[in-house]
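In what comes next, chain A is part of two complexes: it sits with chain B in the first one and with chain C in the second one.
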Partner chain A sequence: MSIGQSLPGTGALASALGGFRRAYGLVGSVILTLLGLLVITFVIARVVPIDPVLAVVGDRATPELYERTRLELGLDRPLYVQFYLYLRQVLSGDLGNSVLTSRPVIEDVARFFPATLELATAATLLGVVVGVPMGVLAAVRRGSWLDHLVRVVGLAGYSIPVFWLGLVGLLLFYAELGWVEGPGRLSVGYEDIVDPVTGVILLDAALAGEWDVFRDAFAHLILPASVLGYFSLAYISRMTRSFMLDQLSQEYVTTARVKGVSEARIIWRHAFRNITVPLVTVIALSYAHLLEGSVLTETVFAWPGLGAYITSSLLNVDMNAVLGGTLVVGLAFVGVNLLSDLLYRVLDPRAR
Partner chain B sequence: MKSWSAAFVGGLMAATALASSGALGATPRDTVVMAKQIDDIISLDPGESFEFSGSEAVGNIYDKLLTFDLANVSDIRGQLAETWSVSDDGTTYSFKIRKGIKFHSGNPVTAKDAAWSFQRAVIMDKQPAFILSQFGFTKDNVKERIQAVDDDTLVIRTDKAYAPTFFFYCLTASVASVVDSKLAMQHEKNGDLANEWLRTNSAASGAYKLRRWEPKESYTLEANEAYWDGAPRNRRVVVRNVGEAASQRLLLEKGDVDFARNLEKDQIVGISGNKDLKTTQGVKGSLFYISLNQKNEQLRKPEVIEAIKYLIDYKGIEENLLKGRYQVHQAFLPKGFMGASEAAPYKLDIARAKDLLAKAGLGNGFQVTMDVRNISPYTDVAQAIQGSFAQAGIRLELIPGDGKQTLTKYRARNHDIYIGEWGPDYQDPHTNAQTFAMNPDNSDEGKTKTLAWRNAWDIPEMTKATEAAVVERDAGKRAQIYKDLQAQHQKVSPFAIMFQQIEVAAHRANVDGLVIGPSFDNNYYKNIVKK
Partner chain C sequence: MTAAANRPAGLRAWLREEAPSSRLQANLVQLYAGWRALRRNPLAMIGLAIILVLLAVAALAPWIAPFDPLHQDLANRLTPPGGAHPLGTDDLGRDILSRILHGARITLTIVVLVAVAVAPLGLAIGCLAGYFGGWVDSVLMRITDVFMAFPRLILALAFVAALGPGIENAVLAIAITNWPPYARIARAETLTIRRSDFIAAARLQGASSLGIIWGHVVPLTISSVIVRVTLDMAGIILIAAGLGFLGLGAQPPSPEWGAMIAGGRKYILDQWWVATMPGIAICVVSLGFNLLGDGLRDVLDPKQR
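== the complex of A and B ==
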């Protein structure tokens, strides 16, 4: 046995140890990320020039009620003690109650997050299904009218305010053409037919076999998802085009062409395959961003999502709601990142 | 590639077709659907609810002992109380409850329920509790001072003799709603007097039952067909939270809602030519004002205070920025209140303002800031004022901020000029007199943060006069005291009261009957009917 050659079984042990270290590191980084998020959000919410007691008791409260509430909120204690107490509460599984809804934050999140999840998933699907082929085609036909069109669409996606696009979309497709339903998640006539199981109405309606409700929910979802999806599409198509251009200029593509490999095979089997890993990162980032919730889209489309919930909570210094919502968004980010890591390993053997 | 493209286009067409087939069209005939900004609702417990939207819902669900004629608010009427009387010394009130009225649960409405409801509000001590506790009720004495003698008779003893009208108007507020004590107490948890349960459920006798409330999403009321004062003319009212006014307009025009409750001025003008739509309006109690912090050396000069009142283009702002939503009003009591003054002595007069500033030694103007909520119409009105101030040399810097942020600064007395609104808490003139014309302790430690205190306006004499008005038992004399107070206030106060709110509801032409009362808990759905 030469030096450097491992003993039988040592490789498996090393691999197991490596896996353990990776898992350990991963859990540690997730905990640190979430803790950091909580600390930053807590400090921001405490330094904004808004009286948190005012947010709870309102402008007309008696001095006695004001003082009692201040003490109940623990605002007489140092900031680090307040944070420690909150953290202890979170670790025991209690995110506290929201001032603005009078309900446990966990219940609020369970109600608002599925709406955001439904919208973000539909928007991302749209962005991927349309954006990726658009980006590939633009790269393949570089300099053609199609390429210019994709670039203009991408630029517009970055420049047009989502608020404006949402209202114009409503005016055209809902008010004028009547192709889709208007703001809200369901029409009044379809409410209370399906019991919420997952909170994602499309899924709940399908599970219950209520296809009329499914169609109505879809008709409400398609426009806000398209508006959000457009921004996702702009980003994804632009990045796909850039990745593809890079691949198409590689020598292996020239070699393949010289060897007479068909253009479709070069594009989809060789070049596209090589961009899947960075593309997964782009899609994951875009999806994670949408999972934060889009306040403006949610406002225009009366969509009860997490973005509007966290924003209004922050403006009202509803600390439990802000921190609870932030924690969920943080977890969603981490989850999407983990998913994309897993996908890397599936798509690229070198990453295993 | 071609087959892929065809599949892709086919998929998109299928999705569009699926989306189109979901369209429902008009709202159900027996159901009234409203688009409204209701994300302010925190609770639908009448002992706790104090937000505009929550008050409206509570007002349609619960009955009170007393109410007033919406066309003539001086006419106080019995609702659950059939008769009432005041003792000679003015400290004991007796109410006889109407017989035969039942809660939604089937339980009879009794004086015991009324006593329990008032005691509960005082003991819980939530935001609106002060409306009752200002009569001397505390957690310790309320059970002794508010008592049901029998099932029909409620007796209430106040700590001193107040103007009876003051007491009666306070009993018309939401916090004085009568709750079904038997039903509510079945849901009490940890001594919370059923507060948690009543936030999202109702135990009432009013025209509607609360069927469902999803915070920031919608609430649904179901008609009480057995309502003692006549069943509602609709079966169900669904109020959905639509935050964006433009979206409300589109929903209304399309017929997916029957009412759009928060259209802005331009949108109201925009729908005026549509024969399928109409508007219903009512004057509200909210006053739009600016106030000058008397800690500022320049703003405390009487000539400057007067000059600023002449530097606002009241008519121009009403016509161009607020048409249909606000009307000019310059006194601290809103139109419709007992003793309200409709005098409007100020109009834009640059020359006069310049003279007054010169007399104050500020002929070259001065620099000052104004804290402004960063939403319409506050920003629009602030900019208009900035323009007219500039004509007299006052350089006004606008500091935009979120509502809670500007309010925090205002309550800390750190502003120069504040622009904002004030809505009355109940229908009695004392609610506004107390805040605009009372300041018992002008020190920074002062606990009663009235609007006068927030502007560091030290007014011992006016405070006494306001306190005297609240115990004047002769209604006529009391009204006159308020008229005199308003005249004096208009002249010397650091408040330029500018406008009174008008609430406008846009609706489908075939839907009618929404009542818009002077306060938010007087917006009634009961008579809404679809033709």
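== the complex of A and C ==
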């Protein structure tokens, strides 16, 4: 046996795993990841110091009722049986009931998720629309004020707490300057005018032709989206700059210059085209992180999204809601990453 | 250090020796060269200065803070910055400057505890996976991937929810969700050295696998992991502050910066300083770690931009 290669008798398993990975590739790894997510939420549910039986029957229950509920909840079964039951339950779309709202968690999640999606999407759009050109120009004019700006924006993006930036933003742009609307998604007078078709108020308002509602929703969205988008902008512009610098130092750029190709064409048609593939990955990653980063932002702006739902359930020890929400955010996270993987395969001919 | 102490006059020369005569000298020469490279980077030096100030403040908080951080003075609640209270007072009349100075201790404690918890966990998993390879590697790295695939803040939130709020549990939750990158690094380092001749020699002498990992692999991988932990300090501070802000980290009346921002949130529109001041402290300290981290990365890995 060569040194450090493998333990004896495990070659078959290792090659089976390798084969599995090759054969099922992405699908297999996604399924394993999702299974891992379920294991983690299951374990978290089991380490909660709260007795799950007491949570159902209350602490005045008779010992008989307690025992019966314990059996009904399947808590006398071995852990792996309990996990199987949990798995079956989740796969059938049952995440339990929320103690706080006394509705099924899955319904709550469906109601709150569009708000998070709206916020994260708007923030990513801002990050891409501003961040990509900024990064490209910073790389082209290396050492200029724009280049330094990208560096400062990036550093600040890694140093400022998002919830604090949100509070300062509210103070400045809402209280002092009055440029935007305050916390929440809509002002009081505009609520319940538009039917929630998609749950994304901007879309719903546009579909219904209620432009006043649209304007109000936009005025509410712009500040939280900018705060969240700032972090996406910081990351995207920094990565774009670094990718572009890499391309601009390549020989084909020199060749193009020698041939007399215009600088704009070199930058946008030659170099930029080559960075689109890694850029898609970066944008997807940033989008996935915004879904998560929205937890703190939503709390600051009283934005009724999934993040606010998870934190308010947390503080009330509503574990079904917390785990259901965690599961859905985790799913979205994995989903976005999968999407970026697939896009990578489609866009980059070498990966096919 | 004895060799250096014997020749105080030639300490610099000794530290720049091109042919070091002992292992200690070789290490110190390398360290000194790194330090000189770092010293040329003004931003990194600013970062270092910020961190040194943080350390000094944390050590001396009881002596330099003008007030007791927990002392309530309801007659002087929500006084604006200036006069006896340079940064104003909060809703219970506590001096914000004193609370921020004492809060430095909590921030530092959290960062150190997370680092102490996360580095060994990542090292152990990474070194085991890298050294044994095969199915051990497959299983451990799959677990690592699973943890990496999830949003860390949400996972930390769920863990704190399960364990109950408080600093210890916040530290535990951050550690549980932050080890995967270190495992990756340790594994990559281990892969590059596991086929070295000196490992083969140790093995032929009958050393056990765990003995080799502990005695030879870990000492060689630990420095990369430590550097990476230093680079991640700002991120740890931000997550800890976020947990504190949500009421899941340090509990009142503890002057943790994130919790202080949460406490000042209701007053943000009229008494802006209550929530703003602790936030500035978080920004400055994270910026310090980021600046130093960037400088360190440039010194240690010139390939990266």
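Convention: the second predicted complex is superposed on the first by the 272 of 352 C-alpha atoms of A that agree within 3 Å, B and C clash if a C-alpha of one lies under 4 Å from a C-alpha of the other, contacts with A are read in each partner's own complex, and residues count from 1 in each chain.
Here, contacts are C-beta pairs under 8 Å (C-beta built on N, C-alpha and C of every residue); 3 or more make two chains touch, one makes a residue touch a chain.
No experiment lies behind these values; they were computed from the predicted model shown.
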{"item": "Partner chain in contact with A:Leu167 - chain B first, chain C second, else both or neither", "value": "both"}
{"item": "Partner chain in contact with A:Val317 - chain B first, chain C second, else both or neither", "value": "both"}
{"item": "Contacts of A:Val99 with chain B and chain C, given as first, second, both or neither", "value": "first"}
{"item": "First (chain B), second (chain C), both or neither touched by A:Ala175", "value": "both"}
{"item": "Touched partner set for A:Tyr84, first chain B, second chain C, both or neither", "value": "neither"}
{"item": "Which superposed partner A:His220 touches (first chain B, second chain C, both, neither)", "value": "first"}
{"item": "Touching partner for A:Thr299 - first (chain B), second (chain C), both, neither", "value": "both"}
{"item": "First (chain B), second (chain C), both or neither touched by A:Pro133", "value": "first"}
{"item": "Partner chain in contact with A:Ile40 - chain B first, chain C second, else both or neither", "value": "second"}
{"item": "Overlap of the chain B and chain C footprints on chain A, listed as residue numbers", "value": "48-49, 167, 170-171, 175, 299-300, 315, 317"}
{"item": "Chain A residues within the chain B interface of the complex", "value": "48-51, 54-55, 57-65, 68, 99-103, 108, 111-112, 129-130, 133, 167, 170-171, 174-175, 178-184, 187-192, 215-220, 222-223, 264, 299-302, 304, 308-309, 312, 315-317"}
{"item": "Chain C contact footprint on chain A (complex, rising order)", "value": "3-7, 10-11, 13-14, 17-18, 29, 32-33, 36-37, 40-41, 44-45, 47-49, 155-156, 158-164, 167-168, 170-171, 175, 242, 245, 288-289, 291-293, 295-296, 299-300, 310-311, 314-315, 317, 319, 322-323, 325-326, 329-330, 333-334, 337"}
{"item": "Residue numbers on chain C that touch chain A, as the complex places them", "value": "131-136, 138, 142-143, 145-147, 149-155, 157-164, 194-195, 199-200, 203, 234-235, 238, 241-242, 245-248, 258, 261, 265, 268-269, 272, 275-276, 279, 282-283, 286-287, 290-291, 294, 305"}
{"item": "Interface residues, chain B side, partner chain A - complex", "value": "1, 4, 8, 11, 15-16, 18-24, 27-28, 31, 33, 35, 39, 42-43, 50, 125-130, 133, 196, 199-200, 212, 214-217, 220, 238, 240-244, 246-247, 250-251, 253-254, 256, 401-405, 407-409, 411, 425, 447-449"}
